[in-house]
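In what follows, chain A forms one complex with chain B and a second complex with chain C.
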Partner chain A sequence: MTNLHTELKKSIIEQLNLEDMQVEDIASDEPLFGDGLGLDSIDALELIVLLEKDYGIKLTDPTQGREIFTSVNRMAEFIEENRTK
Partner chain B sequence: MQNQDYIKDWVKIRNNRVFHCGSLLFENKEADLNKFLKCVYSELNLDYPKFHKMDGLSKLGILASEILFTSNSFSEETALIFSNKSSSLEADRQFQASTESFASPALFVYTLPNIVLGEISIKFNLKGENAFFVSEKFDTELITDYTSALLKEEKAPQAVCGWLNLQNDEYDVFLCLISSRGKTLFSEENLEHLYYFE
Partner chain C sequence: MGNKVFVNGISSISVQEEFTWGKGFLEVSEEISRAHKPDFKKYIKPAALRRMSPAIKMGLSAGKMALEDAKLEMPDAIITGTGQGCKRDTERFLTEMESGGEVLLSPTSFIQSTHNTLAGQMALHIKCRGYNITYTQNSASLELALQDALMQLQEKSAKNILTGGVEEISELITGFMAFDGQLKKNHKTDLLDNRDLNTPNLVSNQDVFSKNYLADLPQGRLLQSKTPGTFFAEGSQFFVLSSEKNKNNYAELKDLTVKYRPENMNTEIQTFLAKNDLELSDIDTLILGNNGDFRFDNHYHTLQQGIFKETLQLGFKQFSGEYDTASGFAVWAACRILKSGIIPSEMKLNKKSVSKIKNILIYNQYLGKNHSLILLSGL
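The block that comes next holds the complex of A and B.
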């Protein structure tokens, strides 16, 4: 697990108020929505804000989120490729 | 004989104390509102992760409703008739502050007072009527009249009604379960007495 993976998990827990959840509770390949962490549509919007705020990535097409937010692994990969800060 | 409605059960949350039917259920000295609400959450043995994402007003409503609904049988048609003075001002201010950097969608969804009614309905699978009134003080006449009319017209078999206010981390919660069975007659006077004195 890279520093970015750990940082992302910490941000997800903090930003989405996932109380009682620790970094080690989130598997990098675990689905973030549906059966995985069970996030909802408002959480998806918060993740879009997180990408812009922390990594300078502005999603122009909201449907991109569906593919990017499949797991922490995929998010980290996308951030590495597109980050501006 | 005319059907009568009764105040079957009630909950108050004020000044770091939670009362159920006049008996002290929980108290602590936690000055931070969120920490106090989390203590009550733990005390009630709740396991509802969504709670932690809610605004203060919804957390207060969920906690008070939890006490009422776990102590009483209820229909999914139960009506929710709430009122307060400060609307969703606390969440409004937090959202406004977030707009200075990145507007938070999670805060935005709580910028209406009746969201708490939706949260309670989701948690307890309620599908009945609901209304949220904003008034300067607890208007017992309005709440009694509105709730009685709903029950009389058989729009709902029972109702949870009362006052749920939060402003500047100061909270005042008084919710009652109104039913055709109970000991205390549902009247403006009794509602006022329970709110102010019990």
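The block that comes next holds the complex of A and C.
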């Protein structure tokens, strides 16, 4: 697990108020929505804000989120490719 | 006058720990006190809970507790009152806006910052599609919610209404209360001074707290304060009001009124009682909203030493702390008293006694502006 993976998990826990969860409770390949972490549409909005605020990535097409937010692994990959800060 | 209105279910979340009624309240002793939280997971799913601020958690849980108490699944309407609403989320999104250069905004805190969040969440949780409204008129918010419920039940627009109030504290916005003297400063010195009975009393009606009175009542130090401001707290009280009484009923909510800066409260009270075919002597117990702010407690002292001199007087804000819907704590206490017949001795502000309690009048005001009267009767 890279530093980015750990940082992302910490941000997700903090931003989405995932009480009682630790970094190690989130598997990097675990689905964030649906059966995995069980996030919902409001969480998706929070993640879009997180990408822009922390990494300078602005999603122009919100439907991109479906593919980007599949797991922490995919999010980290996308951030590495597109980050501006 | 329309239908009678009964209180069939009650609940309270406050700074007081869960307790058996009549076993003792603890006096608030800090400028700002958080509520004693119940196990919210009993009332709200963890997935939903994680997103909620204390106001929503407290209000939703208190609402569900009141419904449980009344053994009612679905009310016809949800009416809430909150003077300051969801301060924590408001504070959070404003802070984020400021730090983010007004570009980015966390959707959760923005969505949940509005005053009507609780009533909406309540409707979503119990799937109530009925009348849903939130009153937000500072210290009269709960009273106006109760008044709406009372009128709807009297006019037979509904049979069961879930109504109540909630206030939460927040680090910044509650702290702002200190700027205009609403929040007490250096309270420890203040309370210590109050123990010195030889210190000249700065309160205009000095006779209220005599040496003997203090000797008999070691508690109530906040109410003897001689400085501006009070102690703030948070809490939520909810009630199921119904046009038919159930087996669990506590009291009849007979009437209430709110007056803005009344010229003469004595006259207002007598007019209010006359409207309900009552005289001053019919009031067995008076519950007062004294909060230790020497600038405004004289509104209570005037009644305590005047038209209600011979009436048993109780205080509640030394146990609830001050918040815009704190009168909910008094209504909750009145319901408990009327049902159990037990008056917690620490609430007493004088030494009068009463054999059987029939009518309780609650009088509350904040900063001398909204003065409310709530009348409850035993069944």
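In the analysis below, the second predicted complex is superposed on the first by the 85 of 85 C-alpha atoms of A that agree within 3 Å, B and C clash if a C-alpha of one lies under 4 Å from a C-alpha of the other, contacts with A are read in each partner's own complex, and residues count from 1 in each chain.
Assume a contact is a pair of C-beta atoms (placed from the backbone, for glycine too) under 8 Å apart; a residue touches a chain by one contact, two chains touch by 3 or more.
Remember, it's a predicted structure, so these values are computed and weren't measured experimentally.
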Can A:I42 be said to touch chain B (first), chain C (second), both, or neither?
both
Tell me the contact category for A:E52 with respect to chain B and chain C: first, second, both or neither.
both
Once the structures are superposed on A, label A:E19 by its partner contacts, choosing first (chain B), second (chain C), both or neither.
both
Based on the A-chain superposition described above, do chain B and chain C contact any of the same residues on chain A, and if so which?
16-20, 38, 42, 45-46, 49, 52-53
Please give the residue numbers of chain C that touch chain A in the complex, ascending.
46-47, 49-51, 100, 104-108, 111
Once bound in the complex, which stretches of chain A touch chain C?
15-20, 38, 42, 45-46, 49, 52-53
Residue set of chain A touching chain B in the complex reads 16-20, 38, 42-43, 45-46, 49, 52-53
Parts of chain B lying in touch with chain A, wherever the complex brings them together
38, 49, 52-53, 101-106, 109
